[in-house]
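Next come two complexes, and both contain chain A; in the first it sits with chain B, in the second with chain C.
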Partner chain A sequence: MTVATATEAIDCDLHVAPAGVDTLLPYLDEYWRSYIDDATIRMGQAAYPMGAATTGAAPAGNHEELTAVLDETRPRRAILSCLALDGVHRNPHYGAAMATAINTWMRDEFLERDERLRASMVVSTLDIPAAVAEVERWDGDGRFAQVLLPVRNDIPYGNRYYHPLHAAAHERGLPIALHAWGRGGNAPTTTGVTTSYLEDYASNAHIAQTQMMSFVAEGVFSELPELKIVFLECGFSWLPPQLWRFDKDWKGVWREVPWVKERPSEYIRRHMRFTTEPAQLPQDPEQIAQVVAMVGPELLLYASDHPHEHGASSERLLASLGDEDAEAILRGNAAAFYGGSIA
Partner chain B sequence: MKVVVCRLEDFPEGERKIVKAGPRSIGVFNVEGEFFAIRNRCPHQGGPLCIGRLSPWAVASGPGKVTMDGPPRLVACPWHGWEYDLETGQSFMGPGETRVKAYEVSVARGDTLEDVRQAEADVRVPAAARAAGREPGPYVAETFPVYVEEDYVVVEV
Partner chain C sequence: MTQLEDQAATKQVTRRAVELVDVDIHPVMLGPDMARRLPERWGRHLERYGRRAPFVTDLYPRPRNKGMRADSWPEGGIPGSSYELLREQLLDEHDIDFGILLCLNAHDAGYEHPEYDAAINRVVNEWIVEEWLDRDERLRSCISVPYDHPELAIAEIERWAGDDRFVQVLLPAAGQEPFGSRKYWPVYRAAADAGLPVAFHTGGYTGHRGAGWPSFYLEEHAGYGVVMQMLLTSLVCEGTFAAIPNLKVVMTEGGALWAAALRWRLDDAWSQLRDEVPELDRLPSEYIHDHVWFDTQPMEEPDDPQHFLQVVEQADLSDRLMFATDYPHWDFDTPAQSVPRGLGKEQRAKLLAGTAIELYGLPTHVDRA
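Showing the complex of A and B:
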């Protein structure tokens, strides 16, 4: 048994967020400043109800706040995720302008000031040519480790609509990262809008399952054979039954998708990774180890998900594993998956 | 053991026949003039494999770019759609899947086949006549040996 510590880990999901929309105004031109003012756009906290009394802090909003977090968690590397682009807006031009503003703010506020940091590049899902241009804009920077997309969106990510963006990420070796939550204007289920936050919260897992299957079934990996996908904050203990079923059904109806030439689970194991926080796990450490064995420890990447508090699942996970698996989850898997961008 | 299926002329292209060989059920297929035989029992859960549909390979060069390739030689089990190559019994769903037993099929002259010779003998002295204790008499009408000279489809079990 390992007495796990996340110190010196590669943290694949550490949240930052501008304290308010004012923070981003210097990165927007006059038209968009006026648009934000006229539309009274405000930054919300997607993970918590507005004004909720919670022990989970706000994400670090500046370098000083983030330094306090890093002094505590002491990662070897941390990949910042900013979800400020999530929401219900429908304006593709606004989405593109805000993506550039958020990325530039992250560079100036964090990446320029701490060499341990990398960032997830945000792009708009409403204008794919603009998203491709955003990826191209950061060519040569080297500090954006992945392209961040909301796991809940308008069209499943295997759809050809997204192909140019996936191709741009593929060409640069950048993983596509899908983070829990996202475009809240869409129902979290295929059968309609839920009535409770509880249902909405628990839906992140099956939205992730839908996206996972979409990438495979629509043949993304047959055209982009090195494309990497990472699911942030979407859980992983649901994988064994879902992979079994995906494989089983493929065996019977493969003719519908003959470009899927191997079992779907083989594509998923080769191309996809899942972060550890939050994890939905049994109480018994022995059963936790069994779950990890079924999933495959090589699929898991450590994430603090700071400042979101889901409970002690990462600690329980690491404590139930042997040293080799814990080491892989804390550092080795991420180093192999991201390669040079986090070396 | 040779199992005689039927006369060649009674087995046109595109048809299939299910024959019994002792306890085994075997499907025999005429695919564009080539004969195949395969065990009529899916190794997955025992489904009646040989009543399933036949298809060629679907070959994709990319999403949405599909051509059908070769003769329809893959049989899909009607229970779960698992497909097997008629020639080898092989499935193509990844490692660890068992194959179906496939059998040699040939076409042979009837006079080389014991079953057919016996059938010919049965025509001359039917089993029922023997069972009734009757012996053949001296009068024999003219008959014409049709089947013995023809080709039969035969499965080697």
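Showing the complex of A and C:
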């Protein structure tokens, strides 16, 4: 997180989380309250072990705690992300009920109390009709800036399984936001679960590359020409070689995917954005400038990712930017990408 | 008189510098040849039950020419099955001084009965010697090993380590467990102690990508480098390089330029999380530089050639990158046309031969007809 240089920014990834499941009980019906009680369900935070330096402090759990954070970071706008639904639960009905509960809690606790705030809408990933219903539920609210999905799930997100959800987001101009971590039961590799948190943590970038390719290869943008995708907390410095590779391969095997009508990088540059934290950059300022130029500063959206601590790369990034790129990354790109409710 | 002696007797021999080494060539063993060479039980098993792992082209069919160069089909065979055609189209045509064979027939045999796995690897290696290495002094090869049964893999390494035409040990990009797992360390130690690098080649059973299965060959192929990132992350984070200081690995047919961002990613992550893995006492990028080589196949090609040079520098690859054609696959790279412009003379020479000569202990000069 970089405070000093990033005031008045549009912060596209700021974390909140209910202090415990009790916080959400008022938003759940009697069946789910007893289900949670019977099974002694707790809020899962497997992706952020409390002792890991990357986890930082606990996310803000209420308006007072969040206000203390905002007093420090002083954003123009902040989009709240709550990852409390991510976990290993496989019950699709539970996922749908919790999504509604979390969104309603975020509205009551945060959105109603601070006009600078917007939120990422949580939806069930195991019940797509329920996810669509959740998107419809918030029609007219205007404060949910994007639909939040965990980058790790069972089926790549370009797959037709998700089409109704993407179509619902597309119809409303809501970006689909893929955030690091997610369904914890799946190994983040081709083979097996990792023995270290270090490796698991580094793997979000690998899965993001897979998801990025899936949207293009499945032709999602041919069917939903205005759909917007944003990757949160997945890095971006891996983009250039992967785009070169993807373009070259498409030139060779386009016959397999005739619905992909342009170079993959053109779809990606038009439809996708990436937040700046973690930045994962070299030490040398000249090389940082090379990376930013290759990625394209227009693809980057500032995020504090509070309270997570990914090291010094993002400070080096902001320090390396000229005024024009800094303005774009801190504010302009997000205002243009999200439009109405954020600008 | 052997074929080699015959060649030597009829042509004038001259001494020349080694200027071109191709580190990724794919000979293919036909099913009937394998069945005939296997011990009776396993030959019968192959004919009746086949192989356990789904074949990669059944998962992701290659849309044209089965993913092969259109002109690489020999009469009565499949691309890579004919020494004569490979010699003509690759070794002679491009004047290759040394070519390293990576036969992938045993790549996904780790899912078989251990003895079946071992037998498949053994006959692949025997076939490589008899049908390839003995017929052409330009050829070198990998030792195929039953990597998922480490004690059998070590026996296979020991069987061939005395033949210096085998220059490395071959593994795929994914096995039954992540390749950083201690299960595989005895195999790596045996290779390193025999002075052999371990080459990980794209392929094996790599469908699930941490986010489910992709749908298309385009994703599979464009994702080879992503799978390699997962594999190298596993090797680093599980402490493989820290535990085996003399291990050298080669990432083949997975591209190379992704290594820059992976180094930054792992260095940042390690800086934050090193208390979890005190056995890693150096920056991940240092382990990667000291232990890992890459081939050029398939070359990542930016629109601006300067970007290629910048990333080679960012990833510190100038003495770690080796040229490969990937014959006979559809995205074959020719030495004349695919090496990026703008490489300095010295760096180009390293990429085309020097780095491979040093890594594999190849001669710098040869007497050739």
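Methods note: the second predicted complex is superposed on the first by the 331 of 343 C-alpha atoms of A that agree within 3 Å, B and C clash if a C-alpha of one lies under 4 Å from a C-alpha of the other, contacts with A are read in each partner's own complex, and residues count from 1 in each chain.
Everything that follows uses one rule, which is that a residue touches a chain if its C-beta (ideal position, glycine included) is under 8 Å from a C-beta of that chain, and two chains touch if they have at least 3 such contacts.
For clarity, every value in this text was computed on a predicted model and none was experimentally measured.
Touch criterion met: A:Arg255 reaches chain B and chain C at once.
Note on chain A: of its two partners chain C and chain B, the one contacting more of its residues is C. When the shared chain is aligned, no partner comes close enough to touch A:Pro59: not chain B, not chain C. Once the two complexes are laid over each other on the shared chain, residue contacts for A:Tyr201 go to chain C alone; chain B is not touched.
Judged by the touch definition given at the top, the superposed model places A:Ser222 against chain B, while chain C stays out of reach. Contact with neither chain B nor chain C is seen for A:Pro75 once the two complexes are overlaid on the shared chain. Judged by the touch definition given at the top, the superposed model places A:Gly87 against neither chain B nor chain C. When the two complexes are superposed on chain A, the residues of chain A that touch both chain B and chain C are 218, 252-253, 255. Of all residues in chain A, only 52-54, 151-159, 186-192, 194-199, 201-203, 205-207, 209-211, 213-214, 217-218, 235, 237-238, 240-242, 244-246, 248-250, 252-253, 255-257, 260, 264, 278, 280-282, 287, 290-291, 294, 309-313 touch chain C in the complex they form.
Contact residues on chain C toward chain A in their complex (touch as defined above): 62-64, 173-181, 205-219, 221-223, 225-227, 229-231, 233-234, 237-238, 255, 257-258, 260-262, 264-266, 268-273, 275-277, 298-302, 307, 310-311, 313-314, 330-331. Within the complex formed with chain B, the chain A residues making contact are 160, 218-220, 222-223, 247, 251-255, 258-259, 261-263, 266.
On chain B, the positions that touch chain A within their shared complex are 55, 58-60, 62-66, 80-83, 93-94.
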